[in-house]
Amino acid sequence: MAERTFSLQLKVRDYECDMQGVVNNANYQHYMEHARHEYLKAIGINFAKLTEEGILLVVKRIEIDYHFPLRSGDSFEVSCRLERISPLRFGFLQQIKRLSDQKPIISGNVIGTSINRQGRPILPAVLDEYFKQR
Amino acid sequence: MAERTFSLQLKVRDYECDMQGVVNNANYQHYMEHARHEYLKAIGINFAKLTEEGILLVVKRIEIDYHFPLRSGDSFEVSCRLERISPLRFGFLQQIKRLSDQKPIISGNVIGTSINRQGRPILPAVLDEYFKQR
Amino acid sequence: MAERTFSLQLKVRDYECDMQGVVNNANYQHYMEHARHEYLKAIGINFAKLTEEGILLVVKRIEIDYHFPLRSGDSFEVSCRLERISPLRFGFLQQIKRLSDQKPIISGNVIGTSINRQGRPILPAVLDEYFKQR
Amino acid sequence: MAERTFSLQLKVRDYECDMQGVVNNANYQHYMEHARHEYLKAIGINFAKLTEEGILLVVKRIEIDYHFPLRSGDSFEVSCRLERISPLRFGFLQQIKRLSDQKPIISGNVIGTSINRQGRPILPAVLDEYFKQR
């Protein structure tokens, strides 16, 4: 049975830091997106390939609590946990922790769905399969 | 009496769009931040100057509902409305609308606070003044 | 006869600044790209539409001299001048000046070409027309 | 004797790709910067710490030849080679290769110098030492 949790280790890049000397708020959303896409790939769902085929995975809502900022040189872990919320909506619970001391950096909740280029809902078969395995 | 609402008109830049051909989710957070900082400047609060003085305006929580994506060529308006939430926390209600037809693009809610470099809460006098005017 | 020079006025956004408190080097490339695309649009060449049609305008070489950095709050002008270099290559001479005092910020030189999705050279008819008008 | 070459392996993140489905040109500059900063750290020069101390490593000129684009899923290697050019200027020769087949992606040449907050040239002692070892 496929795992519903996933994590990825990354390191702050200096250009991601802003004039306060910490990672700019919007960049956590980039880290979160990258972890979701790597997770999806690990369970057989390729975001780029789906996009080419006209199936668009889209974010409908995002909530992020910022606990503590990352700085230049910090290594960190981004985790995701995937849950089906309704027939066509799924949620990712995501956290970022600093690796040196497991300090919580952000907690996030991302609600997504899947549509075609005309905006009609369409769940990729592989994602439907994935949820049925549980 | 100072206004508590503010809006800014911007235009999508092509590098802000991702492989789906729409503005990448994280970039709306950039638009929102830029509008907040311009708003603060309009009421006498300079984010960059405060940062130099060691007063850091920080985001504690963000919620964004994504209604419809922006595309290459779209012009849009980012609005903010500022409210005091508690002695040390303030909230920005933000919206983005497409200019051509007023279509709602995102709605957001951003909770911020203000700290010094040691992480201690400190509200800039000018912001305190601003809230007292109401 | 169409103009071969173009300029655009923009303002620094705080998220574009890095921990040195100045606009991060890579962001000038964003400003330059945005000005080129707006220029092309002004002469009837829509980057996004061409991309959808499978015609890709691509950069082959970029040179940037950094004279002086932009900071939070600075307004600036990005200019472009377009020249044909060879049957399939064109060049943009670009400059950024600070608006308050015309201080030169960067000078750049961008060589581009146009290919299809298979990597074959193909010049959009409208660009060919444009060069022939001179 | 310290090494003058350095390389770093990274992977494309989907948000780095633009509407053409390839990594946006400006992002290569980000990859290059990150590799330079990691390289400097490896030889004892911490960009963030120097910035806090008021010593600013700055880019004066950049040249990039774009050979072939990176796409979603590509892993790649960014290499740097550091050379002193004059008493106060140093150059980084940088290359990016796709890992799967060593395909050359970009070649770059970055000229940097080091100044204090007043804009006066100042070479960090450790960098001076480093060059003298050769």
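First chain written, first letter: the chains are A, B, C and D, and each begins at residue 1.
Simple rule for what comes next: contacts are C-beta pairs under 8 Å (C-beta built on N, C-alpha and C of every residue); 3 or more make two chains touch, one makes a residue touch a chain.
In this text the structure is predicted, and so the values were computed from the model without any measurement.
J.: Consider the two chain pairs B-D and A-D; indicate the one with the greater count of contacting C-beta pairs.
T.: Top pair by contacting C-beta pairs is A-D.
J.: Select the chain at the greatest separation from subunit A, using centres from the mean of Cα atoms.
T.: Farthest chain from subunit A, going by C-alpha centroids: C.
J.: From the C-alpha centre of subunit A to that of subunit B, how far is it in Å?
T.: Each chain's C-alpha centroid was found; their separation is 23 Å.
J.: Calculate how many whole Å lie between the centre of subunit A and the centre of subunit D, each centre taken as the average of the chain's C-alpha atoms.
T.: 28
J.: Once you find the CA centre of subunit B and the CA centre of subunit D, what distance in Å lies between them?
T.: 33
J.: Going through subunit B residue by residue, note those that touch at least 2 other chains and give them in order.
T.: Each of 14-15, 17, 19, 21, 26, 30, 33, 48, 51, 72 in subunit B touches at least two other chains.
J.: What is the shape of the graph in which nodes denote protein chains and edges denote touching chain pairs (line, ring, star, complete, other)?
T.: The chain contacts form a complete graph, every chain touching every other.
J.: Quick one: in the complex, what on subunit A touches subunit D?
T.: My answer: residues 13-15, 17, 21, 30, 33-34, 37, 41, 46-48, 51-52, 71-73.
J.: List the residues on subunit B that touch subunit A in their complex, please.
T.: Within the complex, subunit B contacts subunit A at residues 19-20, 25-27, 29-30, 33, 48, 51, 56, 58-66, 69.
J.: Which of the residues in subunit D end up touching subunit B in this complex?
T.: Where subunit D meets subunit B, its residues are 14-15, 17-19, 21, 24, 26, 72.
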